[in-house]
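Presented sequentially are two complexes of chain A, the first with chain B as partner and the second with chain C.
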Partner chain A sequence: MKPKIAAQSGTFESSDVIFLIEPLPDNSGRKLEISSTVMQQFGASFNRIVLEMLDSYEMTDIHLIAKDKGALEPTIKARLETAIKRSLEQQEGTLK
Partner chain B sequence: MTKNFKKRRTMLYIPGNNPAMIQQGGVYGADSILLDLEDAVALNQKDAARALVRNMIKVVDFYDAEVCVRINHLSTPFGLADLEEIVPLQPSAIRYPKTESPEEVAELLKIIERIEDRHGLPHNKMTLHAMIETAMGVQNVFNIASMFSRVDAITIGGQDLTADMNIVYTPDGVGIDFARKRIVMAAKASHIDVIDTVFPDVNDEEGLRRETEYAKKIGFTGKAVINPRQIDIIHKVFTPTEEEIRKAYHIVKEFQMNTAAGIGVFAIDGKMIDAPVVARAQYILKLANVTVG
Partner chain C sequence: MTFEDTDFRQETLDLENPFDVKLVKDFLFSLGFDFDPSDVECTMIVYNLKGDIVGTGSHMERILKYVVVSPKFRDTTAFALIVTYMTEKLLKIYKHTFVFTRPENSLPFTGLGFTEIAKAEPLYVLLEFGFESIITYQDYLRTLIIPAKTGEVAALVVNCNPFTNGHKFLIEKASSENEVVYLFVVEEDLSAFPFSVRWELIRKGISHLNNVVMVRGGMYIVSGSIFPAYFLKNEQVSDVMQKQAELDVRIFANYVVPILDIKRRYVGTEFSCKTTEAYNLAMKTILPQTGVEVIEVMRKAIGLDSDNGPDYISASKVREAIKTGKLDDVIDFLPDSTRDFLYSDDSLDIRKKIKEGKGRH
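Take a look at the complex of A and B:
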């Protein structure tokens, strides 16, 4: 699936992560920009979670920006799920 | 006495969209944790909070605390979606805001049980806490408290109640005093717990102590908490004193010995001890985690 609109979820607070998703032109694939305060320790895990979630929603033609402040896995998954569903216009949230 | 004893001296409100507070929720020692999807969450973040609470409940260790989730009212666009996500996880309890009538509770339970059936879950594990925060709810509180076996606690929401009554909340609580006592009496008559409203000024520790002592005196089981700083003060008020525990221990010990000897009513220091006194003593010992060997 492809994002229909730009969408955001999460906050810049400690233990949280903010995701911003934008649609890209057709056949652009995925463009990911991930930064984290704990990148050195948990960067690989963070990337794996993001890619698995994008795969499970079959997301493509997507520009994803993530700024992590040490979120735990359930938080990362909840925030990304929310951003994806908002971008697919399945849920309402910010940036609409 | 309540039907099923649970220690509910404090119930800590945690905003449902705040991951840091949720993941630390269990460390403060509150008897209950209340993950809030309702008033603590902005309207445009309801979806985010719902997903976060659902994920956190699955993995966060809240230690010994009872975990409750306050959902949005079914008259809002969020209530049903909250139930669909939270009921399958079977927290200890669902807290329902602005409960006004037994019909409303019946409708809510019907939806909950439909979701439980879909997931092959029992109907007797997760309980329901009804929040009484409108004048209509206060009027109907006995039926709300007594008609459903799954309602095992009722609570008063002081802020919303004063708004509904169009009065200003005052620290002496005069405006909601009738409601407090009516709600307590409904809970006592139904043998369920009753939790007092929050004390909003987190810097006024003396005021919190006074209000908690009053709540205990008129029969509340515990008090809602909006800041972990308030927990110790409330626990001190609701935890029996050493003297109370000694006295209760003595009563229960004598009761056990007299029961074994086939004696129903007996006296300690010239005072008659009968079933209600024993029940009260047993409750004190449960609160103090003391067993009589």
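Take a look at the complex of A and C:
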């Protein structure tokens, strides 16, 4: 699937992660920009989690930016799932 | 030990409401900032459950402003909360957001994922965050590269508000002395003539020069007017202006020059405009360090002015003539493209706007 709109989820706080997603032109694949305060220690597992999630939603033509502040795996998954669903217009902000 | 009170409440203020404005104004004043509501388009405020003001944040277009947290709450998540709130809102509209602040405040923003672009010690640092970054602009520049065999590559930055024979003369001179010329047109629409019009007039006016490449100024070739200065109220105006120019020139030197391999930068001499004068000084200090020669070209004059001095061509004189309805007096200043435009009905709205005195110089 391809994102329909630009979307964001998460916050900049410690132990959290912020995801930005925007659509790319057709057939441009995935463009990932991942930065983390714990890249050295957990970078590999962070990348794996993101890729697995994108694969499971079959996301393509997507520009994803992640700014991680040491989030745990369930947090990363929940934030990314929300960002993906928002970008697919399947879910709106929680306050709506 | 104090326990962290994170039960915060956030609210968007109504800037039309004098009580709301007073609330944020008093809060900021107590921390040493002069809040000017005309400086921002939206302001949010954070309280705790007791009703104490924790912090506030505002924005004007894509620039975050007045992000301030009360000293009592600086060890809480309030700052992250305010910044997240603002970026979430702005990134729905814009591709990226900017922050100008003092260098000592740079760390909290980089900690939140902002990237520092340039610094002019000790007053300014510029940071950005979003889908796009200065790398996106560099990618755009790469698509325009024309390889030069001789290494004689020059750049000019123009606003052309509107395009005059003075600009044309400067561009033609650069074109004849170099193999490739990159002409940056300031994209910000703060001038009387909108970007699309300025771009078209220049394009038509220089179509005979085939080694000149027109480049959109983007968000990074800026004019001093977008710089907020409220956190610098104890500084001299001239210092602030000089640092703004320095920041801008550093961006040019660090991010634009290496991509396009620019060796010379042409500028016209400046007599009247303090901002441009500050720019020229900053360029002469910074650019030679990166191997770029600054060539200052004497302004072109036509005939004599009322004091019998040379009548230098200037876009501000043209705007003045439009304002006073004496366009015929400056007709010699105008290249064909601008003349045709100004005497046509297409420019009716712009001329009206200038006559009414709106739009900055």
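Rule of thumb we're sticking to: the second predicted complex is superposed on the first by the 93 of 96 C-alpha atoms of A that agree within 3 Å, B and C clash if a C-alpha of one lies under 4 Å from a C-alpha of the other, contacts with A are read in each partner's own complex, and residues count from 1 in each chain.
In this section, contacts are C-beta pairs under 8 Å (C-beta built on N, C-alpha and C of every residue); 3 or more make two chains touch, one makes a residue touch a chain.
Computed from a predicted model, the values in this text were never measured in an experiment.
Colleague: Using the overlay on chain A, decide if chain B and chain C clash or can fit next to each other.
Modeller: When both complexes are placed onto chain A, chain B and chain C end up side by side without any clash.
Colleague: Should A:74 be classified as contacting the first partner (chain B), the second (chain C), both, or neither?
Modeller: Only chain B; A:74 stays clear of chain C.
Colleague: Contact-wise, after the overlay, does A:65 reach chain B, chain C, both or neither (first, second, both, neither)?
Modeller: In the superposition, A:65 contacts chain C only.
Colleague: Who wins on chain A residues touched, chain B or chain C?
Modeller: B
Colleague: Looking at the overlay, what does A:86 touch: chain B (first), chain C (second), both, or neither?
Modeller: A:86: touches chain B, not chain C.
Colleague: Can A:35 be said to touch chain B (first), chain C (second), both, or neither?
Modeller: second
Colleague: Contacts for A:13 in the overlay, against chain B (first) and chain C (second): which applies, first, second, both or neither?
Modeller: Touch status of A:13: both partners.
Colleague: Look at A:2 in the shared chain and tell me whether it touches chain B only, chain C only, both, or neither; answer first, second, both or neither.
Modeller: Once the two structures are laid over each other on A, A:2 reaches no partner at all.
Colleague: After lining up the shared chain so the two structures overlap, which partner does A:22 touch, if you call chain B first and chain C second: first, second, both or neither?
Modeller: In the superposition, A:22 contacts chain C only.
Colleague: On the combined arrangement from the superposition, state the nearest Cα-Cα distance between chain B and chain C in Å.
Modeller: In the combined three-chain model, chain B comes within 6 Å of chain C at the C-alpha level.
Colleague: Which parts of chain A are in contact with chain B and also with chain C?
Modeller: 13-14
Colleague: Please name which positions on chain A make contact with chain B in the complex.
Modeller: 9-10, 13-16, 71-75, 77-79, 81-82, 85-86, 91-94
Colleague: Touching chain A in the complex: which residues of chain C?
Modeller: Residues in contact with chain A: 77, 80-81, 83-84, 87-88, 91-92, 111-113, 130-131.
Colleague: Quick check on the complex: what are the chain A residues that touch chain C?
Modeller: 6, 8, 11-14, 18, 20, 22, 35, 63, 65, 67
Colleague: Touching residues of chain B toward chain A in the complex: what are they?
Modeller: Those in contact with chain A are residues 18-20, 23, 44-45, 47-48, 51-52, 54-56, 58-60.
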